[in-house]
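The structure's right below; bear with me while I get my questions together.
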Amino acid sequence: AIMVTDTGGLGDKSFNDGTWAGIKRAADELGIKAKVIQSYEQADYISNLSKAAEEIQKEPDGGIVYAVGFMMTDALFQVAQQFPDVYFAGIDIAPPTDAVPPNVITFLFKEQESAFLVGYIAAATTRVGKVGFIGGIPIPPVERFRYGFETGVKVYNDLHGTNVTILKGYANSFSDPKKGKDLALAQFAGGVDIIFHASGAVGNGVIEAAKEKMVSLVGSEDLSKILEYAFDKGGFFAMGVDVDQDYMAPGVVLASAMKGVDTASYMGVMWAYNGEWVPGVHVLGLAENGVRISPMKYTKGLVSNRTLAELEYLVTMIKKGTLVIPDTEEALKSFRTPKIEFPF
Amino acid sequence: MRVLEAIFLIFINPLFYKITLTAATPLIFASLGGVYSEITGVVNIALEGIMLIGAFTSVVFTWLTGNVWIGVLMAIISGVALAWLHAWGSIKWAGDQVVLGTALILIAQGVTGFLMEPIFGKPGQTDFVGKVEEIKIPGVSEIPFVGKVIGEISPFVYMAFAAVIFSWWLIYKTKLGLRMRSVGENPEAADTLGVNVYGIRYFGVLMSGVWAGLAGAYLSIGEVGHFRELMTGGRGFIALAAMILGKYNPVGAMLASLLFGASSAFANQMQSSSLIHVSATVKPLFDMIPFILTIIVVAGFVGKSRPPKADGIPYEKGA
Amino acid sequence: MNKKVLAILVPVISVLIALAISTIVILLIGKSPIEAYSALIRGSFGSKQAIADTVIKTTPLILTGLAVGFGFRAGVFNIGAEGQMVMGALFAATFASNFGSLPPLLAIPFTILIAMVVGAGYAAIAGYLKAKTGAHEVVTTIMLNWIATYFASYMVTGPLAVGSGTPKSPEISDSAQLPVLMKVGAIEMSAGIIIAIIAAIFMYILLNKSVTGYEIKAVGFNPYAAEYGGISVSKNVILAMAISGALAGLAGATELMGVHHRFLGELSGGKGFDGISIALIGQNNPIGIIFAAFLIGALRTGSNEMQFIGVPKHMVMIIQGIVIFLVAADRIVRTIMIRKRVEK
Amino acid sequence: MYAVEMVNIVKRFPGVLANDHVTLKVKKGEIHAIVGENGAGKSTLMNQLYGLYHPDEGEIFIDGKKVDIKNPRDAIKVGIGMVHQHFMLVDTLTVAENVVLGSEPLKGLNFDLNRARKEVKELSEKYGLIVDVDAKIEDIPVGMQQRVEIIKTLYRGANIIILDEPTAVLTPQEVEELFEIMRKLKDNGKTILFISHKLHEVMEISDRITVMRLGKVTGELETSKTNPKEIARYMVGREVVLRVSKEYHEPKEVVLEIENLVVKDNRGLVAVKDVSFNVRKGEIVGIAGVAGNGQTELVEAITGLRRIESGKIYFDGQDVTGNTPKQLRELGMAHIPEDRFKHGLIKEFEAFYNVILGQHYKSPFANGPFLNHDYIFKYSKEIMEEFDVRPRRIEHLGGNFSGGNQQKLVVGREIRTNPKFLVIAQPTRGLDVGAIEFIHKQILKMREMDVGILLISMELEEIFSLSDRILVMYEGEIMGEVKPDETTVEEVGLMMTGHRLEEARRG
């Protein structure tokens, strides 16, 4: 299995890293080789994918080439056509046309579903009725996170008669943590107390900003002191993205909206080698275990039991399809909270 | 009206001033670095690379030793090391200073990216390794408004302003400063008076390594406590612009950096203002404010900024 | 040794020294330098695909190199080729998606023209401000770069965005795409390289054979003498910036029309900055620039192949950095060469 | 006992033997002049004495002791100071700062600016070298800059002072002041090496003279026992006409008419105040005046390089007020500028590009948008031949010609445009006697051809020998108009210091 990264490269703690983890896990189990090629610039995608495919052709057992990241959409489909005997998989890639060649699978995620959950938690937990969202660059996956987050807040408002509002901002970058910190501080100054970020490494700064504010309030970095304070008086919080970022600032990162990229890439490799290949687009949501929210190892105590129970219920609704979280701007605009009666 | 109200609210919010200061701090350090190098006659486009190396090394050594100040010290040393390469290429070998600078940026980007895996075991970015804590000055933090601005703030911010004062003193009040200015303006004249042109130029460039290294350390362990590839995000180039805008003068460079910091803080707050209703995808456009403002300032108010006469020209004896 | 031989030998030896230095690093990470370097060469010249790739990478580098180099000849430091390239390509993409009804003979020149005019106009802002207010072009072009980047990012995530995947503009009409000279698998080498070479010839003629070139150079060397000689300084500063910007815009056009066929978020990918070192390595001479661009293009292409044997992409940035460093401080290499000869 | 002995000095540059076994002996306490053609090797010889170059062969003795001077620091140590032909001053620093640079007084960690200012003031008073210690170099006139250079050597305790062409840029008054200073220095026991192309100056100030030609010493003369003609012969190797004589030539119609012209200088102060005059075809109108009295601004206004505040300029009967340099050139105006480095030449351009500047866009130099290189090459060969530009290489870069040859290139270029009217500013500054003779002859030839000529010069001798009419400028105003054979140098001198003609006549 060979993975070709987008220009973000390994170390993004997001789809590149996640995909690689899943591929390695599968490769270890299968006893095959796994390689990674990092792209230097956009013009590399086609040639790197082609080279990877040629490499795979040389392997007696065949194999699979991974294209990671929505940036590689066009390149993946162009190259896949040229190598019908090689399996290709795309992560975060939506096919440009409906016809997907038989040698290609792509994985998309319902980011909005996990973001919905953190939005709901944010709305339930804020003490000031104002929460924040910080995106990197408004690309589709980031936007889906936002749609979900906004929906989560809206549903909470509608169910509980509150009026939690959202400040939104973008960093124009995925790699400038200082910018994330400044933007987060600006939102805190604007009156929010919880910020959800979907902004790659920029988010590290968002988390740092929340931590700095919180530690300053509490006067200590000690987890138990932070939790004690937060339980009594609230404070400043961040919410993580893609992977479980709760550990990055224990007690301060309230929850993370996770995306199971590794699950997807693991599946792809397994399918390619076990002959269970199912070509086409695979959209993974809560139901497919493609997205989820972090276990809130440190912060569970800050969220009321009632809210946790409501979340459970909402998750089942989403899994069953009775609650559909919008994944486009239009859908978000026309979204109306359905009638939800909690059984408790 | 809503917009005016939003702007008014931004300007009366102490955090706006605090973010201005922290956004300006790396630029102040880096543009000071530019000033030191360029007033002695060496164009230093490598600031971005020096900052990156500084950001990286400070994280590495903070992680290894657990002591952030050793991290800061190592950022300075590594900044000086990279600056030394620039000095060596451009002073000793009379190389083209702009090309050497771009080469060093590439080398810095390559080296920091390359070393992530061997040192931290994973590429891209490190975990949180520790941070220079904000300092709380008891008296100051109680003052209304001002306390909210500088009552609790990174010591780097104070260091940046101290560095400006120090540099102003060094450049305009000491014998060394006089010599620095003379070799950047007319190295031949200085040479005929027995001034060591090469030595002074080395000093200027190496000092730019000190300041830009500190700028980098501030970005990583001063602000966010970790390193991410390319995390300097072009600030080296903005610092270069601030240096020119500030007319190659430490105080001017500081003012230009503050202008830039204020306008980016302003852009951030505008994005975050609940009074301004624009669609989410339009918001990134607010980030243009600092750049447009800078163009207006340089075109409308600053006009010609004259570089030192010998800036960028290698000095060769007897030519 | 005569000057011309030296001019070629210095970069070659710089490459060799850079490779020698990186050999140590490659050995340290436990890889074989011989394998690594044969991969580097194989990757850049070893096959039709490799050659096509190298040419594709070289094309925009020639053009941004010419853009910056032309500026230097005219006494302006155009650090803004990046922004001009982005703006040129962005506007060309906006219009060229509607050129379906035009024949290629019209659509191609038209698209090129849009990119060049926009690039020229964007650069002329800096030229105008320099001429009229003395605003330093390094400051203004750096600022214009950021504005262009943010603007383009906004356009492809907002008004121009198509599809649910990559932030991208619609595809430009087939008739506006550059003809393909060579197709290897999915890799299409377009006629862009011919355009780049024509541009180099154009620049050579303009600078060395034309009245305009004479005036632009005179203003660059000595504006006082130029004015004394009846040459308008402000007109020529603006013109020089505009021509430089037109060349950068052309780089955007060839990337758009020959490689991506649509505007993508990272279309410029730092090539405007690469132009600075390429221009200076090529000593601001059109022929020199072609060779310098080729050198960097080949290094980049070859580097991807090196990743297959486990040498990370950063290694190539370091090699490139060292090569550029040594070419800039060419006396180091010359001194080494002279010492070698003396020893013999 | 000699203060300086340079014995058998040889210095080679790639392709040039700049000093060929030169021996120079300078007595203690004398003013010793060194003269010679442009490029004879005078500056090179002095640069070796000051440690800027190292001799290839030969020995140097100071006060009888053999020394090895490796760099200026060594020279300063043995008591040598040098004022270079092109000043070595840092424009952005003040006078005091420039003087003490390299040996700054300190107060604790700080540089002691006050002590520096005090010490400079003391030196300045002791030797009568008047300077403004706090002014920036870029703001003070050349004459003062030169005094700063001299103070610099004195501050370092120099006993032997080299002055390389100090008078080339000075006004006659300033030259007199300089000579006063030199005498004072001599009285204080200093030894002075003095380089100049102006033989009358050499005659006036020096005790002994060494003449150089083509890198060799051709003569060692006692000033009191020689005369300018003899020196010139040693210098050039032939007889030289030191003062060209001109025939009477009837002026024709007016070509340039200036009415009530007002022009401002770079600082926005009025530099030319309500000036009116005219120039006829076939006559030379000379403008005399101490530098800085508005001549530069006047010339720039006439040639379109500077904005006019009010007033009118008519050229050949046509109103050309506010015209661009290009328009004026097309109407037949040519201009030999005062500052050949700034305006006259593009150092980075080859000679063949320099000689077409101003006409480069016109046929036959250009064919439509393209340059006609064949013609340009041919044309530049002709000019270099006709005006004896050396070396005779059309691809030599402008900056690599010696000053004299640069001037010949400019003069050739402007004359060959066949102008109706020619503005000439400081045409012979820094040139040797041979070159001066040549250029003066060219100017008179233009007059014969009925070209109107406006000549601006600080050399009164030049003004007197060439002009048909002389206008004297003082503080932006014309003090009066005289004919050279109806006036005296004294009268013009009075007008140059602010006396109107009538007052000057009254005495």
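Read from first to last, the chains carry the letters A, B, C and D; within each, the first residue is number 1.
Rule of thumb we're sticking to: a contact is a pair of C-beta atoms (placed from the backbone, for glycine too) under 8 Å apart; a residue touches a chain by one contact, two chains touch by 3 or more.
Since the model is a prediction, treat every value here as computed from it, not as a measurement.
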Requested in this report: Between B-C and A-C, flag the pair that has more C-beta pairs in contact.
Outcome: B-C
Query raised in the report: Measuring from the mean C-alpha position of chain B to the mean C-alpha position of chain C, what distance in angstrom results?
Result: 28
Query raised in the report: Per the centroid of Cα atoms for each chain, what is the distance between chain A and chain D, given in Å?
Result: 76
Query raised in the report: Distance-wise, how many Å sit between the C-alpha centres of chain A and chain C, to the nearest whole number?
Result: 36
Query raised in the report: Counting in whole Å, what is the centre-to-centre distance of chain B and chain D, each centre being its mean C-alpha position?
Result: 46
Requested in this report: Return the residues of chain B touching two or more other chains; collapse runs of consecutive numbers into ranges.
Outcome: 123, 281, 284, 287
Report summary line: Two or more other chains are touched by the chain C residues 150, 153, 157-158, 312-313, 316
Requested in this report: Spell out, as numbers or ranges, the residues of chain D touching 2 or more other chains.
Outcome: none
Requested in this report: Could you list each pair of chains that touch one another?
Outcome: A-B, A-C, B-C, B-D, C-D
Query raised in the report: What does chain B use to touch chain C in their complex?
Result: 85, 88-90, 93-96, 98-100, 102-111, 113-114, 117-118, 123, 234, 237-238, 240-241, 244-245, 279, 281-282, 284-285, 287-288, 291-292, 294-295, 298-300, 302-305
Requested in this report: In the complex, go through chain C and note every residue touching chain B.
Outcome: 25, 29, 77, 79, 129, 132-136, 138-140, 142-144, 146-147, 150-151, 153-154, 157-158, 273, 276-277, 280-281, 312-325, 327-332
Query raised in the report: Which part of chain C faces chain A closely enough to touch in the complex?
Result: 49, 53, 56-57, 149-150, 153, 157-158, 163-167, 185-187, 255, 259-260, 262, 264-267, 269-270, 300-301, 303-305, 307-308, 312-313, 316
Query raised in the report: If you look only at chain A, which of its residues touch chain C in the complex?
Result: 7, 9, 35-44, 46-51, 55, 70-71, 73-75, 78-79, 81-83, 93-94, 96, 137-140, 172, 328
Query raised in the report: Taking the complex as given, what residues does chain D use to touch chain B?
Result: 50, 52-53, 71-73, 76, 82, 84, 87-93, 97-98, 101-104, 106, 109-111, 152
